[in-house]
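Below you'll find a set of structures to go through.
Both complexes below contain chain A, partnered by chain B and then by chain C.
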Partner chain A sequence: MTASPAYATAQPVRFPNRRADRSYLRTPAVLFAIPCAVLAQLFLSANTTTPNYALAQAAAVTATMAIVGPIVALCAAWEAFTLRSLWGRLTVSRSWWRVLVQRLTPVLAVGVLVQAMLYVVALLQLPDPAWPGWQLPFLSLLGVVAWTFFGAATALVLGRLLAMTVALLVPYLALTLPAGWQPFWLRHVNGSPFDCCSTSDVLDPRVTIGSAGVLGTILLLSLCVARVRLAPSQHRPWLAAAVAVAALIAGGACVSAATGLGAMPTKPRSADALVCREDVCLWPEDGEALAANRDGWAAVREAWRGLGLTVPENARIAPVSAGGRLALTTTATDVDSAKTTMAQLLPRALTGCLGDFDDPARNDKFDRLSVLLASRLTFADPEARAVTVPDPQPVPADAESLWRAVGRCGS
Partner chain B sequence: MSVILSEAFDIRADQVHFRYRRRGAGAVLADFSVALDGRPTVLIGPNGAGKSTLMRLLTGQLRPSRGTITRSGKVGWSAQHTAALPGFTVTEQVQYASWLAGLARAAAVDETARALARTNLTELAGRPATQLSGGELARLGIACALASAPEFLVLDEPTAALDPLARRSVTAVLQALAAQGVGILVSSHTATDVGPPFTRLLVLDRGRLEFDGSVQQFFGLRHTSGVVADLAQALRDR
Partner chain C sequence: MKLFLRAHHASAVIAAGVGLMIAAWWLAGSTLPVPQLMQGRAAPVAVEMLLTVLYAPLIAYSFGGVALRVEHGTRRSLLGPDLCLIAVVGAPVLAVVVLAAANGDGGFGATIGRDAMAFIGGALLLLTAFGESTAVAGPVLYFFVVSLLGSQPDGSAQWWAVLRAPATPATVAAAFVVLAAGVVIFHLRARQTAGERVSRV
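After this line comes the complex of A and B, so read on.
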């Protein structure tokens, strides 16, 4: 060990702001951050669902991954090209994954920040602050990470133009096309659950498991590709193959858990969340509809009794029939709509036939009862009476016989 | 600053065997041995002789199928064509190369300044890397290799495809580095690199070391190996 006079003479040159590496500010991820956020926000505002429900707002945010996913994949592909152009041409002493993660940090940061901003914007629109649960934010985070590494992997194996095209198109198609696919469960495993959620529903955990399986598999396969391309040549290549096979098996197992899903990615919400005032129970997010439901229920109950029919004492109405409640409420805020809905549903709710439409003769009797009920109601808008039946039109004297004839469902 | 001088430095390949994993690919190197010391060394040979593969093995870019490579210190490596990174200035690219080589960010900043000074790129420090000329780009490659604070530099054809002026600027940098005691191994398939600062010359042909001696011996001796004799004759005629 000897001191080198030559090294000593080569004095460091001082640059202004010499510690500032501003190359990050010129990366596509940073340049695209604001356009990406604006586009995603426009997409979000054009896809409003149930405005007062945190879960629905969060689901709308996950739909913006159709914008964010392709952009982060494209930016990651660009960054991976930087690595690819250097790889093997310089001394690289750091581990491949550390170099890759460092290179993709701006992309990941922009993706996560844009998603976080969209969650904040969406949740700030709620009348009362609420947390949508961890599942959808988790899927958003996993989506950003998976599509980022997917973009990087494409750039490590494909030519520049092809990789950019694949990075842009594959996430977009994977996030938009499944909405029209059958079987239905295929619509709910891309991290952006389709048609979620009304206030009566919560996200089915199988959606989270299935989506995590798909996105996790994309992430792990992308890492395997990166490992093969970036790790030193001939350095345990079987390891990446083994991880890829394990990822496919685990991903398949997760997806198989979601194959029981139907058209909706939801399951019924627990009735414990209902808020009851007087004889009307509503989900907390539907509080604006309380007056319409209360007034509508009072009018419909009186009209029903006016037909000579009975309603259980202290009957409560709610969005779901749990706890002996009649599933009659509406999210509408005008009384006419509430009356119309209740006039259609009350005969069916009292007989337990809300989901049974198989018997045409019985359906006709229910419709006639609804027409009779509606005829005793007063509407601000006469057109609000929705149900019509063929002649002969029912008269109040028919009510009791119709009611006896419909019987009960499920018994 | 205290560093290991290249005179004490050693890269050694012992009984190295290497073949690419492509189907049907033969061995590029078989039972190959060489020892490099601090002398500036030029490695020549015809195209396909295995020069780049040998350099990648010596610098750890490739792992030998058999045999061992030992390095007694840090080796800086630059491949044939230096990539100019879009969005990076010259300083930022060298700094990034330094970080890749394992230096902490603060140390990378200091080594970058030193490397730019030693490759006469200080004036171009703030210029986008993509705007460099061929000779400047070749020096950027050397700066990136130097940014890891190496005791030994391995450069794959740093003057390939350069015009005479650019080649002279690169040679001047190599001479200065050799004078500063940095060990250098440069590969070349052109005649122009067989001269100062190089004092040792290796000839590689089809994975075999056909000649290992001084530049004077290379030009002065009568060679039994056909490829060495041909190369010596070709270089004498330049």
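After this line comes the complex of A and C, so read on.
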């Protein structure tokens, strides 16, 4: 029986009450934590989102990944340089992935903490703080992990200067550029949903699936690269290649689920969430607009009847037309804006033509009805009458004939 | 001089610089479509700014590394070779500036010349003060911040984000000052000769 070599049985040196190699305060992640948090908070505060809506606030937080992603990738690359320079020179009894994860723990912790802090700040600004659902926090978490391991993988493969440049620029470009790309679905698979969401919308689950596919593929490919560089060469060398191929296939399958998305990463919100007071139904987040919608609707309804036209009894207005409601409400809080919007939309809402603009002759008739309707309304600001039509200008006597002529859409 | 230029990767740097400048001229006028829903704080940023920021890793690669450490012990001035190396790095930029001006596109030439001078000078300053890693990370992080937070709601640039604005004589002069400061500080701090250091002791 052969005696084990001394290095194989030696116990690691222990330094009581402190880490053996360095202080956490000198890790790049901790050094970059405050600048990262400040920049991300500045970015978040400069972002225009739908006020009072937790989902929109959370989507704005995911947009800060354009700052957090490159910084965690840079810090991870920095940590991986140290690992790379020591790897093979020291006796390490732990497996490669445990060493790598321990090395990257401060980076992951800082990334997650910055994102968590931004979520807390963004959600506490709401009058009624609410949980935005698991999808966006999940994408933030996955983004931090994926870009961290991406940075480490670049440092394990490339030279130091090139790796730092790649670790900084690739996440930045991947998170900012797709916002202007076509086809539109390409904009929604980088983990940072662009243009999400109005109170009438919720995040489409396909965005989460597609983004998880892309970020998960980046994560798994990075781990495969790390394994190739760090694991013993004779230790199942085919495993990394097999996982990489499987990751690419699975990622492609996830992304293919998102190819049906359009310009917006959203789907309509369920009408069950509407809150109705009297004859006005609004989303809970739009409660400030209740008075303007109620007063505007009362005035527009009377003006419509004044033209000799009818409105169904007990007609309710709402942001969506579900349940027989008229989709007329606005999120504006001034009555003039509400009246203007309703005057433009009421003829179309009553005929089911809100989304039908194909017939120019019919569009002109709708515009003339809107002009007639607006002419019977009083506005604090005369400039608020937005719709104009070419001469001859309509007169109230034309209302009934115009109304008969427009007919109904989809019939 | 030949050995000096070879040790500082002059041929690789000039090849990369030529590539960057060709790409910048080819893509002149195009922008990076960063998200624009940020109350005007973020607006599309010119591609040439992204390309010129890549001079930072080139400077760290060329002026830093083993050659810098070896030359730290030299007993004669390296001002001449350093200026020659700067000329090599700046030659593609100068060529594009002159060609752009000759073709009536002086605005593009001034902008790319200003950005290149600022990033080269900034990288030299950071290389001298903090080392190669900071010389790469600093300019690239500045580019991030400028592109994502450096715009005013009216489309103009914040005062600290002048590199995203069209070039003016004042900003070109400021970039030249940064370049000159980078060269001077690099020469004074990173090129102290062994003889000078011994005499101070």
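Quick notes on this structure:
Rule of thumb we're sticking to: the second predicted complex is superposed on the first by the 389 of 411 C-alpha atoms of A that agree within 3 Å, B and C clash if a C-alpha of one lies under 4 Å from a C-alpha of the other, contacts with A are read in each partner's own complex, and residues count from 1 in each chain.
By definition in this document, a contact is a pair of C-beta atoms (placed from the backbone, for glycine too) under 8 Å apart; a residue touches a chain by one contact, two chains touch by 3 or more.
Just so you know, these numbers come straight off a predicted model, no measurement behind them.
Judged by the touch definition given at the top, the superposed model places A:L86 against chain B, while chain C stays out of reach.
When both complexes are overlaid on chain A, the residue A:F43 reaches chain C alone and has no touch with chain B. Of the two partner chains placed by superposition, only chain B is touched by A:T27; chain C is not.
Judged by the touch definition given at the top, the superposed model places A:P70 against chain C, while chain B stays out of reach.
Of the two partner chains placed by superposition, A:A361 touches none, neither chain B nor chain C. In the superposition on chain A, contact is made by A:T176 with chain C only, not with chain B. Within the superposed three-chain model, A:R94 lies in touch with chain B and out of touch with chain C [touch as defined at top].
Touching chain B in their complex are the following residues of chain A: 1-4, 6-15, 18-19, 21-23, 26-27, 82, 85-86, 88-94, 99, 232-235. By the touch rule above, chain C contacts chain A in their complex via residues 32-39, 41-42, 50, 54, 56-57, 60-61, 132-133, 136-137, 140-141, 144-145, 147-149. Every residue of chain B that touches chain A in the complex is listed here, in rising order: 1-5, 8, 21, 56, 59-63, 65, 74-79, 81-83, 85-89, 91-92, 95-97, 99-102, 105-106, 109-110, 113-114, 116-118, 122, 125-126, 141, 144-145, 148, 150, 179-182. Those residues of chain A that touch chain C in the complex are listed here as 39, 42-43, 46-48, 63, 66-67, 70-71, 74, 78, 160-162, 164-165, 168-169, 172-173, 176-177, 179-181, 194-195.
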